[in-house]
Amino acid sequence: MVKVSVIGATGYAGAELMRLLVSHKEVELVHAASKSFAGKKLSEVYPSFTGCDIVLEEMDLDTISKDSDIVLTCLPHGASASAVPALLEGGARVIDLSGDFRYRDAGVYETWYKQTHTAKEWLKNSVYGMPEIYRDQIAAAKLIGNPGCYTTCSILALYPLMKSGVIEPKGIIIDAKSGVSGAGRSEKLANAFCEVDESVKAYGVGTHRHTSEIEQELSLAAGEDVVLSFTPHLLPIKRGIISTIYAMPKDGIAEADIKEAYAMYKDEPFVKIYDGTLPEIKHVTGSNNCAIGFVLDKRAGRLVIVSCLDNLIKGAAGQAVQNMNILCGFDESEGLNGTGWYL
Amino acid sequence: MVKVSVIGATGYAGAELMRLLVSHKEVELVHAASKSFAGKKLSEVYPSFTGCDIVLEEMDLDTISKDSDIVLTCLPHGASASAVPALLEGGARVIDLSGDFRYRDAGVYETWYKQTHTAKEWLKNSVYGMPEIYRDQIAAAKLIGNPGCYTTCSILALYPLMKSGVIEPKGIIIDAKSGVSGAGRSEKLANAFCEVDESVKAYGVGTHRHTSEIEQELSLAAGEDVVLSFTPHLLPIKRGIISTIYAMPKDGIAEADIKEAYAMYKDEPFVKIYDGTLPEIKHVTGSNNCAIGFVLDKRAGRLVIVSCLDNLIKGAAGQAVQNMNILCGFDESEGLNGTGWYL
Amino acid sequence: MVKVSVIGATGYAGAELMRLLVSHKEVELVHAASKSFAGKKLSEVYPSFTGCDIVLEEMDLDTISKDSDIVLTCLPHGASASAVPALLEGGARVIDLSGDFRYRDAGVYETWYKQTHTAKEWLKNSVYGMPEIYRDQIAAAKLIGNPGCYTTCSILALYPLMKSGVIEPKGIIIDAKSGVSGAGRSEKLANAFCEVDESVKAYGVGTHRHTSEIEQELSLAAGEDVVLSFTPHLLPIKRGIISTIYAMPKDGIAEADIKEAYAMYKDEPFVKIYDGTLPEIKHVTGSNNCAIGFVLDKRAGRLVIVSCLDNLIKGAAGQAVQNMNILCGFDESEGLNGTGWYL
Amino acid sequence: MVKVSVIGATGYAGAELMRLLVSHKEVELVHAASKSFAGKKLSEVYPSFTGCDIVLEEMDLDTISKDSDIVLTCLPHGASASAVPALLEGGARVIDLSGDFRYRDAGVYETWYKQTHTAKEWLKNSVYGMPEIYRDQIAAAKLIGNPGCYTTCSILALYPLMKSGVIEPKGIIIDAKSGVSGAGRSEKLANAFCEVDESVKAYGVGTHRHTSEIEQELSLAAGEDVVLSFTPHLLPIKRGIISTIYAMPKDGIAEADIKEAYAMYKDEPFVKIYDGTLPEIKHVTGSNNCAIGFVLDKRAGRLVIVSCLDNLIKGAAGQAVQNMNILCGFDESEGLNGTGWYL
């Protein structure tokens, strides 16, 4: 049993993490901190936890780091950069779900997040928590920057193609659509039911932070600077992301080459490459899977890739648990092997 | 390990049962039969099962009963009555999810289902599969009639009140609202997205079959014939039922008496009695829980009870697994102890 | 052309009123006041008004009353009681959409709204704005208290039955379900998309203010004090209410008697009595109609009535326009004769 | 008054057309034909028409053409090609909402629709019914091929840019998302509520018929063959399309050049060009508007255009009425000037 604490347990990602952790056989939950609800029972904030006796606490970094082998932080960006160093110095290993420890270059972070990074010195020790690419480094990490939801969906779809050189690194377009839980639990009018229901909108066109995270990893894969177009959209659903990605296949590339590139995932427990069909959001909802399919449109000279995941699971809490499993030497699927819900 | 087969594995209840069974640690799935999709992989019909190698078969009753300790039948009513006797005679124990084996009196069935019961002789051996009431009989049963979704939601809310005599047995009104998955997977126009979305309708007013099932069990609890009003409604959601129930408290009954009646559930793993608040559908979605709250409206002289469950889990597949666990002597919560999804 | 102003033009009811008024052939819009958005164009707040040049103003009661023949006030309750007297004294006629001028007895208001009524002296001059009951008084009114959404749906269904004495005045139960726009445009977490979607909840059980408004009108119809149970529910839809109402038919009452009672609506432009079928929310969405159907369940001894309307139209803005048309001597359907949307 | 008939009045586009026509002041409806529901009242099929006495008829082409000045045909493709010639020969003018009369080259139709065109000889007399491009020809037409929903949304966004040469004609990507009503009223499992709700899928990637219609019109604008990528997606909403379009601006093109190109719409009643913001589906739902906004992403070298319309109105029935208004010399906005619903 590993001693685990969660900071920021009552946002949507935090609550999903709690849901996964309470069923995890190797985890002893020691602290669950919530700024807004300290003193309340988790089941008062999320009645789906009825029967579960967890009481939310104030965030006491000393106590938490001392009592925990692993701390999962679900704080807003900026707040993580403030809290994480103390946890690490206190001896805990940290998996951070914010954007604060995902970057190799603090300058990129500061440009896209438009704020100073207050824990730059820790970036060099941080591992980007995408097991399909960095499994070995994750196993040895003290600090893991858990990837973003849109970014996981995009990088998993594009990394093998970029790495194997079957697509042009230029001109990639990612048209991504996400459920509302990706915006977190807050009282913004923009996320009110009547504003979201029966509508779809694009937002953050050309400026969404996840662009820089995707470009970072794809540039490493390509061995050259990748600049791409990323357009997120808000869908009237709770969970799930579907990204439709447009790339130019290199000359002479056939379907078989694409399949061969994706064969890098053949032993991955949570990446599902479709053969001849395309994934839909409901194929992955409730699971830690990322499902990927593609169409090579020779007429238009485009490779169209469709990638789906559950933003709260493979896009946040599930991937964090997967990273924790690797870090602790557990079966990588422990606590994550449920089938998706479909309904 | 117990050898389990499912007949009718590709309707919504059947697929949910498959989802629960593939994660159940004590179950070896031996056959999954589907009339519509025999020969296909389950993952072709429900891609959420991607990575799961189950192949759907024709319904061969001899082979299935010979190979299985337990068979779960998710057939339309009438079809179950035809298939189940052969399974029982072949030596399997059966948990039937249709209405065919829920009645003590074939005449009631024939009145409400408007068809002849073709396996009347088995009714006397069938146990009504509601563990909170019939746990001991379930443990010893050869044939279990797994309760309906609306009925579970209503009976769990009313049985303790009726049994303890805190409410009048007359004049009960159940205003129930269900998600669309309760109507099964079919191509009816009435269930098309554009017909259901952004609307609600009442249906089967005064004639819905579940009325008779609720009345059967409440009459037994009351020791007299209970006749009630039951109105189902179709909601634009996938899963979940909320029943708002109106009863007349007997003279002098106070809140404490209601709570005391519900105390019969204090050790039940899957019934959650709220104290001072009311459950919402999302509190139970994805779990095997039935959550119940109430308001004693003294001004109007009414007890208003709100009862929620997930129609595919506690209202169908989850309750079937719970019954199977009891039948097999497993921990009753095995495979069912996940927290609800909330999102 | 009549000169019309709207105060509170940017809440959901206010915006719906603006939508109806800009298409109304007899209306000249002179002022549209909005506390939150004064100085902005209406189309900036609701881009569906793109191309419409209305600029929102501060609420200047003197100017508004001087410039307007009719003022429609869409303010929170309490705020209306403060603003309306000045408008009336300034010479305008007022249709108020809040609860402030719907009551005959200020004490009832103060009990249910839990606040002092600051314009009690105007209640005796106020007409309850339900044309089907008070058309003549409306035509002559200086001040109209426009009915609530739930109340319109309930009163229209029950008034003829109560008036004609075909049902018992005691023991009535109204199980009402409403779309989220009924809660207004605000940043409450309870109305956030992820909290509402795929769920339903009951709220305000036994305490919802509309109970008292329904009881007031039904008591007048019955000639005795009516006390009833009213339970509102929140649906994951934008617009629309469906009320399922349970009443006890008096001895010997047959379907024909119910139909005869409802015949009082035979010339009403906006009440649709169904014959043998039941209305669904989508039958009325987008229209000013209230659609009513019923089932006489002799087995259970209940009359079950289903009543549907669009809460923003017949339940608020549309009824206000209907009242305005009567007040001004226009065709009562002017600006309201569109067919419902269905989709 | 013009005498108008509708053939195919009970599909979703047909019903929307009926909704618009019953409120149209210059229209006398003479026949409404429906294969599935002949003999029934329209209000039995769509109860939102309650109070409207239209009786559906069999499709009798002779009678219809003889009695009507204008016939609007909402038939499946292929069926229109069979029926329309008789209507034209009988003397009626025809606005056809299928794909059958949208093409200049029957070969393109036959390639994309995978069937023989049985009325090729009429294509040369048919006018493509997009008023913003072909207003003058529409006014004089005997036969109008009313554009598709996706195509209207895409062509209106791209035509001015292509015509004015501010974007490269190559490499355009249209990522389009549509509500379910676009798939028509039918009993397909793929459109069942539980299959669509809380999910999104791409379909017809590289093969959707509307691709060819968009390419036809943009090629004419560009003066060269345009080949593009078009990916439709199914959204869990009833109405509305949002298309996110990616084009490469030509060297030196600035925002002002884009705005100037779109200035061609400055007098259009139904095209709304946003200045600095982006449209959302809910901005146009219920209106005949197409709303267009853009972001020039200099970093990535892309022009991102977002275009929204209501697929049943500007994408089908509303555009047909607009064409009819032009054909008849009515005010082009007659029957179409309602503000969008927002809610």
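Order of writing sets the chain letters: A, B, C and D. Residues in each chain are counted from 1.
The working rule: a contact is a pair of C-beta atoms (placed from the backbone, for glycine too) under 8 Å apart; a residue touches a chain by one contact, two chains touch by 3 or more.
Remember, it's a predicted structure, so these values are computed and weren't measured experimentally.
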Task = Using the contact definition stated above, find the chains touching both subunit C and subunit D.
result = A, B
Message = Looking at chain pairs B-C and A-B, which one is connected by more C-beta pairs in contact?
response = B-C
Key: Interchain centroid distance [CA atoms averaged], subunit B/subunit C, Å   = 39
Message = I'd like the Å distance between the centres of subunit B and subunit D, where a centre is the mean of that chain's Cα atoms.
response = 46
Query = In whole angstrom, how far does the Cα centroid of subunit A sit from the Cα centroid of subunit B?
reply = 36
Request  = Hunt down the residues of subunit C that sit against at least two other chains at once, touch-wise.
outcome  = 12, 181, 194-195, 198, 236-239, 279-280, 282, 285, 343
In the complex, subunit D residues that touch subunit C = 12, 15-16, 19, 22-23, 46-52, 181, 198, 238-239, 272, 274, 277, 279-280, 282-287, 289, 291, 312, 337-343
Inquiry  = Considering only the defined contacts, which subunit B positions touch subunit C in the complex?
reply    = 171, 173, 175, 177, 179, 194-195, 197-203, 205-206, 227-229, 231, 233, 235-240, 242, 244, 246, 278-282, 285, 295, 297, 299-302, 304, 306, 343
Query = Any idea which subunit B residues touch subunit D in the complex?
reply = 12, 180-181, 185-189, 191-198, 236-238
